[in-house]
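These are the structures, in structure tokens.
Two complexes come next, and they have one chain in common, chain A, joined by chain B in the first and chain C in the second.
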Partner chain A sequence: MASGLGRYLALRAVNSIIVIVAVVLLTLIMFGPLVDQQLKAQIEMEVRQQILKGGAFGKYKTPEEAKRAMQKAIEERIKALGLDKPWYIRIWGDLWRTLTFDLGTSWVIKSDSGSSKVVNILLERIPRTVLLFGTSTIILLVLQLLLGAKAAATPGSLFDRIVVLSGLLGYAFATWWVGMVLLYLFAYLIPIFPAGGMVSVPPPQDPLHYALDVAWHMFLPVLTILIVALGGWAYVTRNLMIGILTEDYITTSRAKGVPERKVIYYHALKMAAPPILTQVTLAIASIFTGGLLTEIVFSWPGMGLLYWDAILSLDIPVIMGDVYFTTILIVLANLTADLLYGIVDPRIRLGTGGATL
Partner chain B sequence: MKLSTRIRDFWNEFKHRKIGMLGLGILVIIVSISVLAPVIAPMDPTRWSDVNYWTNNPKGVPPTWAYYIQGKVPIPQLYLENYKTKLTKISGYPMIQAFLPINYTYTEFPTMVKWRINLTFVGAGAFYEIYLMRPDKKKVTLYTGTATTSNASQGWTIIEIDATRHPDVERRINEWLSSMGLDINRIQPAAPIQIAFADLKLLKKNKLVPLKGEYVFTVRAIAQGKNINVTQFRVILGATAYGLLGTDKSGRDLFKGLVWGTPIALLIGVLTSVLGVAIGLLYGVTSGYIGGWSDEAMMRVVDILMSLPKLPILIVLAIAYRPTIWLIILFLTIFGWMGIARVSRSIALQLKESAFVEAARAIGASRKRIILVHIIPNIVPYTVAALALGIPDAILTEAALSFLGLGDPSLPTWGAILNQAQTGGALGSGMWWWFIPPGLAIAVVSMAFVFIGYAVDEIVNPRLRRR
Partner chain C sequence: MPVLDVDDLTMYYEIPFRGFVRAVDGISFSLEKGESLGIVGESGCGKSSLAITLMRLLPKNARIIKGRVILDGINIYELPEDRLRKEIRWKRISMVFQGAMNALHPIIKVGDQIVEAIMLHEDVSKEEAWKRAGDLLELVGIDRSRLDNYPFEFSGGMRQRAMIAMALALNPDVLLADEPTTALDVIVQAQILKLIKDLQRKFGISLILISHDVSVIAEMSDKVAVMYAGKFQEFGSAFDVFLNPLHPYTKGLLSGVPSVKGKPRRLKSIPGAPPNLLNPPKGCRFAPRCPFAKEKCFEEEPDLVEIEDKHYVRCHFAEELREVPWDVSE
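Presenting the complex of A and B:
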């Protein structure tokens, strides 16, 4: 019984690992030369400063001799760091370092606590993004199930048509732009929400007020994600539910006198759960990237705003770290959906096919 | 069935679908705008990011109609060029004065003051002063300077200055204000130059209202030599509203940006989607038709590519290559073919076992011929909806990339305009005309294709029809 689920999850896990390694390799290949250049320039500066500061300059008889000594010192440092080897040899070391979360130091950006370590910068940001994204996803899941099922119960009704239309419109709007409009309306034109950030300045002291303050700041970004994504998700659920509601066993339950409410929200929804989860898996990455851009609009200090800051200051190590952690988060979110899918879908649980998703 | 009858049947079904026809209608308008862009909004689109191209436009002003809706009349853009000169002598040196009068009757301040003066002289050098004579007979010095020449027989200088926020002009105006016991920090005008037009009586009560009446922009220049002349004297006073969609903070005409963004968005969307569908179709059919071990491997590749995080990778590629629009289309295509590949494969698997393919194989048709002639034409209808739905996807992704400042920097894409609005603080300064229209345009174009795709999908896949 466990073998089907186990095999399925193992396949998904291998896939995830390949994805992570591929993304890291790609960033290393793309940014390798830029990072090397920066490192070499830094070494040169350090060596020059050392020689000038240490008073060792007087040791040398001629400027040429000093220059040669400096060159030698620089070359030694480069060799010590292994920078003299070609990139296709060094990349494996870099890959290992990245995978083990040794992400180096940033060029410009610092963490709130003042650290230049890329890992520290990201560790500060990740919980904030997870908070925003997690809250939105949970609300989204619950609401879309309710709305989708309700629309499916009365296909062709006004409510159903609104769900279909908002589903279609959801594909057409850029989440972050909807965020801009909401921010303009409800933070500038009618200032009832904060104009950005995660907490007020200065932040409230006691935990309850702090949580309320964060929720107040989170309201508009979450609303933005909901407005754009909810229609599309509810539309998917509706379509799947309509298909299931015509099945014979549903007619049987109805004939047996099971209340309509129970038929729709229990029997049919249970059957629709696996395909809904498949759709969630497909949609999760797009919701996540939409969320990252929404962070920028609302100055929500998470991983999305970090992309913005890092792109503006061209802080390559930070961008590399951000890409790495974004990939991990998306992969983890997908794995969670896969796991739920595996548990819900009996074909996979019993190992009777369906594993080649 | 003949292709032409199939298309006619399809059209007969399509035209009964309101949402599809709505999408088609929007599409017709969008395509017309794209084709007519050079007529509607004459501009060289590659000069969009060239700041000099827009230098004479008022900066960050709303659309004209927004003024009329509020029952107000905007100040037009004023170009003052008809100047009079007066040549005199002062302690033996020639002195020229040039006057440019303007009867200012508006209730708002000009949003910009710019001048261009061409001064020619014979001698070693010249000293000049630019000032404003106000209706209340007060003189505000705006700018002073000297011009020198190594060529003693003929010297010239061009004084071209945007005085709106120029530090030297601001210093002069501050001096003038404090000479009357006023402090600029208490008044806080939108631009220092506005003080020069302010009603002093009201200014003392901290009210910033323009003084109506005749102003004279004056240049006074003295040459250290024999002769001096002003051969050009032009002042531009910036309008308080501009065109159909106003301007951004660099003075760019946002209507032109919006119009020219249309063909670019269409190009990106259509080309990316067509390429993606073509690649996906070939890949999927090949994989499905060959089957076996290579099918398994090819689908694994699709699985992995599908789970790659699109935006982060595009960010990496865009930073590494600083791409042109063509390279962006290529990058977008990499992420745009896997869905089609899966669908095509599953249909190819069914068709492979069908009678007509068996028959073709029996009479000795080659594998290539079967794929190209018998299988692909039967899958194409299913890809039409995907083709339509791939377009908004590409447009939205490109817009996201441009919003991050990573698009083709030379072109007016809607995402790039929104990026400039975000960095330029459009929300905080209430410049809705800067960020509302581009986002709406993205949505409208995407909507057209979503609607068409939805209608086509309903026809081709009757399973999805509303029951």
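Presenting the complex of A and C:
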């Protein structure tokens, strides 16, 4: 029994690693030339300053001689750093360094604690993003199941129509636009929520107040994500459920005398769970992207806002690090969904049947 | 007193702006304890609609126009929903569905499904119910250790056996079997039919068997109803209906069945298709396909008349056509 699930998970894990390596490799190829350029310019500047400042300028009789010496020094530095070798040789070293979390130092951005190490900057940001994204995803999942199942129980009813309509409407909205509208309404017109950030300044001291303060700051960003994603998800659940409710085994349940509530929320929803999880797996990346945009709108100091800051200041090591960690998070989220899939669907767990694979 | 008494049962499906599909139209019959009734007819003649109407498992657009279903003195259409659920469904009348593949919940353990049926109606502990579920599986010839399996770990025949075990869990008065062997191969089909018949005799259950397969019905039933376009066209004992068919439609159906013992002959079919029940023909519903139809058949609908003792036929010319065999030019 465990071997089926184990093999399935092992396969998924191998897939995940391949995805991570491929993403890092692609980013390195894209940003590699830019980094080279930047590094070379930096070296040139440093050498020039060294020679000018160190009073060594007087040693050279002619400007040409000084220039040649400078050129030589630059080339030596470049050679020492290995920058003279072609990119397709150097990239493997970079790949290895990135994968082992040796992400170097940032060019501009510093962590809240003042560190310039990219890893430190990111480690500070990740929990904040996970908090926002995880909370939204869990609320999304629970609400979608309940709303979708309720709508499917009475197709064509007013409730059902509202779910369908809000699904299509929400899907058509842009995350950042909804965020701005909410900010305008509830932070400016009726200022009952903060306009941004994660905690008040200064932050409350005792843990309970701190948690409440964070929740208060989180309300509008989470609401934004819900408005955009919930309707669509509930709509998908509803359609799945309507199909399932016409199946023979549902008729069997009803014929057995199972109460209608249990038929819908247990027998039918149990069958809807695996495909819904598939849908969640596919949607995780897009919610995540939506989450990153939401962070920017609400100045939530997570990985999304970090992207924005890093792009504005062209801080390439930070961008690369952020891409790497974002990839890892998405892959981990997918892996979790896969694990849950294996748990809710015995056909996967036991490795037989497999009609739905 | 009959266990089940169905009187003028009429159920239409409502199609908004277009009218009604007359799927079950004035069906009457009664069933004694331990008796078996076979209902035979083509696809789309209303057999399965009749089954769900008898169970009161109607979809939202179904309308009961008139008629009664009286089970042991209780009209099931007058019971409130919760009493119907607790006292009638599965306890008094249970069902084995067509499509053995899909009638059990695919991702709930077979044992849990049977236990659920028991515990919904009887106040027993989970252990007790589980033990009874095991006994039931053994009754249908499956090892009790298989309670822990999921339906996808069963073969088609085993699934149908498990379904039968579940249907018998509460000793129902009436068992409704809607195409119970359709998805199975002939050998398994024979085993399942034998099993149903043995258990029916053993527990004195009244059986309603619905099938498109004339041979299955002939083998299993005491009484036979031939259904066409939502109505019984011929009704009587299996002997009368199959050895002495009086309705042209029954004759047509039987001429499509090969005989093992009789002389070899060319099988014949009934040309055409059943009528659209949204706008059924004005006269006899079989008239458009009937080679013997006369003007009267298109004008006036015949009643179900008792032509011989306990042998009912819905045809204007049943007497005249008594000796005329089914014959259509191919």
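One rule holds for everything that comes next: the second predicted complex is superposed on the first by the 322 of 357 C-alpha atoms of A that agree within 3 Å, B and C clash if a C-alpha of one lies under 4 Å from a C-alpha of the other, contacts with A are read in each partner's own complex, and residues count from 1 in each chain.
Definition applied: a contact is a pair of C-beta atoms (placed from the backbone, for glycine too) under 8 Å apart; a residue touches a chain by one contact, two chains touch by 3 or more.
Being a predicted model, the structure only gives us computed values, none of them experimental.
Peer 1: Chain B versus chain C on the shared chain A, clash or fit?
Peer 2: Fit: chain B and chain C sit side by side once superposed on chain A.
Peer 1: Contact-wise, after the overlay, does A:Ala13 reach chain B, chain C, both or neither (first, second, both, neither)?
Peer 2: In the superposition, A:Ala13 touches no partner, neither chain B nor chain C.
Peer 1: Which partner does A:Ile138 contact after superposing on A: first (chain B), second (chain C), both, neither?
Peer 2: Neither chain B nor chain C is touched by A:Ile138.
Peer 1: With both complexes superposed on chain A, which partner does A:Trp176 reach: first (chain B), second (chain C), both or neither?
Peer 2: first
Peer 1: Quick check on the superposed pair: does A:Tyr188 touch chain B, chain C, both, or neither? Answer first, second, both or neither.
Peer 2: Touch partner of A:Tyr188: chain B, not chain C.
Peer 1: Who does A:Ala215 touch here: chain B (first), chain C (second), both, or neither?
Peer 2: Once the two structures are laid over each other on A, A:Ala215 reaches no partner at all.
Peer 1: After superposition on the shared chain, which partner residues are touched by A:Tyr249: those of chain B (first), chain C (second), both, or neither?
Peer 2: In the superposition, A:Tyr249 touches chain C alone.
Peer 1: In the overlay, work out which of chain B or chain C sits against more residues of chain A.
Peer 2: B
Peer 1: Who does A:Gly257 touch here: chain B (first), chain C (second), both, or neither?
Peer 2: Touch partner of A:Gly257: chain C, not chain B.
Peer 1: Looking at A:Met271 after the superposition, I want to know if it touches chain B, chain C, both of them or none. Which is it: first, second, both, neither?
Peer 2: The second partner, chain C, only.
Peer 1: For the superposed arrangement, I'd like the angle with vertex at the C-alpha centre of chain A and ends at chain B and chain C, nearest 10 degrees.
Peer 2: After superposition on chain A, the angle is 100 degrees.
Peer 1: Smallest separation in Å between any Cα of chain B and any Cα of chain C in the superposed model?
Peer 2: Minimum over all C-alpha pairs of chain B and chain C: 10 Å.
Peer 1: Residues on chain A in contact with chain B in one complex and with chain C in the other?
Peer 2: Common interface on chain A, chain B vs chain C: nothing in common.
Peer 1: Please give the residue numbers of chain A that touch chain B in the complex, ascending.
Peer 2: Those in contact with chain B are residues 15-16, 18-19, 22-23, 26-27, 30-31, 34, 155-156, 168-169, 171-174, 176-178, 180-181, 183-184, 187-189, 195, 239, 242-243, 246, 285-286, 288-289, 292-293, 296-297, 307-308, 311-312, 314, 316, 319, 322-323, 326-327, 330-331, 334, 356.
Peer 1: If you look only at chain A, which of its residues touch chain C in the complex?
Peer 2: Touch residues, chain A against chain C: 247-249, 251-259, 267, 270-271, 274, 344-347, 350, 352-353, 355.
Peer 1: Give the list of chain C residues in touch with chain A in this complex.
Peer 2: 52, 55, 57, 85-86, 88-91, 94-95, 97-99, 102-108, 116-117, 120-121, 150, 152-153, 163, 166
Peer 1: Report the residues of chain B in contact with chain A in the complex, numbered from low to high.
Peer 2: 19, 299, 303-304, 307-313, 315-317, 319-320, 389, 392-393, 396, 399-400, 403-406, 418, 421-422, 427-428, 430, 432, 435-436, 438-439, 442-444, 446-447, 450-451, 454, 463-464, 466-467
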